[in-house]
Amino acid sequence: MYIGKVIGNVVATRKDEKLIGSKLLVIKLEEGMPRSARTIVAVDAVGAGKNDRVIICTGSSARYGLKDIESPVDSVVVGIIDDLNT
Amino acid sequence: MYIGKVIGNVVATRKDEKLIGSKLLVIKLEEGMPRSARTIVAVDAVGAGKNDRVIICTGSSARYGLKDIESPVDSVVVGIIDDLNT
Amino acid sequence: MYIGKVIGNVVATRKDEKLIGSKLLVIKLEEGMPRSARTIVAVDAVGAGKNDRVIICTGSSARYGLKDIESPVDSVVVGIIDDLNT
Amino acid sequence: MYIGKVIGNVVATRKDEKLIGSKLLVIKLEEGMPRSARTIVAVDAVGAGKNDRVIICTGSSARYGLKDIESPVDSVVVGIIDDLNT
Amino acid sequence: MYIGKVIGNVVATRKDEKLIGSKLLVIKLEEGMPRSARTIVAVDAVGAGKNDRVIICTGSSARYGLKDIESPVDSVVVGIIDDLNT
């Protein structure tokens, strides 16, 4: 999983029906991560909001964070980070 | 998911039979995305056309945006972007 | 999916039994694609030959272009390109 | 699979319920690996601790290292390295 | 699939039980491949040994090269290359 920061959201009226009702977050991946400083779009699964530092699950596994696991979604926010011990 | 812009389409007469009838879009990934400014080919699932700014689902999850989920497709356009709030 | 050009093939006598009878193509990914100018190995599913410009499906989805979808294959040629309208 | 070193862990109170009870390790990928020197977050499946040199399975396969294979997890520590013979 | 050379193996006593009995090879990806000159760890499925030039299947598809397809493995050696015709 990657660590990133929620920086906004996407508005899309025309979309796959399984995405209706989902919050599409824009996430900036953190420095030091693979693809650092790049932005991706992820579905929120934990009530994340702007400026939250979050854990993102990517790939086909991401679907298991959603109610409907047969959704065309490759990135899901699966946790909100309180602290990083390194 | 990534954000990109539809810049054209691919014509391919000889192809996997599950791709027959699908619109194969050429998408330029947006600056700031991973692989920014690169182009990929994605199947349209939402009626997207040239110059539309779209959301692309990649990987095995992408199949869930299609009618036949057992298609050999790794990238599907799953939404057309109205606005990006960042 | 990516676009590439068939530049050759791989000969491998000792291989997974599900690969027996498959044509293993060497593909050079096109400029402008992610990983452009790099080469990968893909199983042919559409009768592609040397110098053909092709569409390659990658990842777990690629298996759906094969007769046996439980094959250890992550890249399959799923179309031969006639034209690119951009 | 990749090789990396455990450098810490993530604390996240609000997370997908399937992640409750899992240890979320911060892993620094080793030099010479793809994405070397970058950090990722992986679920521990073998009792790994700080400074352990580990094998990480990524992608949808990673789920098979967990008790609940329907978890939204894309990276799992599946082995602790004793020695590398090269 | 990628092409690489077997340069060694990994010794790991503590590992996922589905990896017990598997040979964990260290593979250097060939120049010209994506991620060229980087090393990855892959499970041997065809009796490959040091210095063999091999085909590696990656991602979730790799599991289909193993006896137990529910293994946490993202890279498997699925062929030994005799010759490359390019």
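A, B, C, D and E label the chains in the order they appear, each numbered from 1.
Keep this in mind: a contact is a pair of C-beta atoms (placed from the backbone, for glycine too) under 8 Å apart; a residue touches a chain by one contact, two chains touch by 3 or more.
In this text, all values refer to a predicted model and were calculated from it rather than measured experimentally.
Participant: Hey, what angle do you get rotating subunit D onto subunit E on C-alpha, to the nearest 5 degrees?
Facilitator: 70
Participant: Please compute the C-alpha centroid of subunit A, do the same for subunit D, then give the distance between them in whole Å.
Facilitator: Centre-to-centre distance between subunit A and subunit D: 19 Å.
Participant: I'd like the Å distance between the centres of subunit B and subunit D, where a centre is the mean of that chain's Cα atoms.
Facilitator: 31
Participant: I need the residues of subunit E touching at least two other chains; which ones are they?
Facilitator: Residues 59-60, 62-63 of subunit E each touch two or more of the other chains.
Participant: Listed in ring order from subunit A, and going the way that reaches subunit D first, which chains are there?
Facilitator: Start: subunit A; next: subunit D; complete ring order: A, D, E, C, B.
Participant: Which residues of subunit C touch subunit B in the complex?
Facilitator: 1-3, 32-34, 36, 45-47, 55, 57-65, 69, 76, 78-86
Participant: Can you check the complex and tell me which residues of subunit A touch subunit B?
Facilitator: The touching residues are 7-16, 18-19, 24, 26, 35, 38-42, 59-60, 62-63, 70-75.
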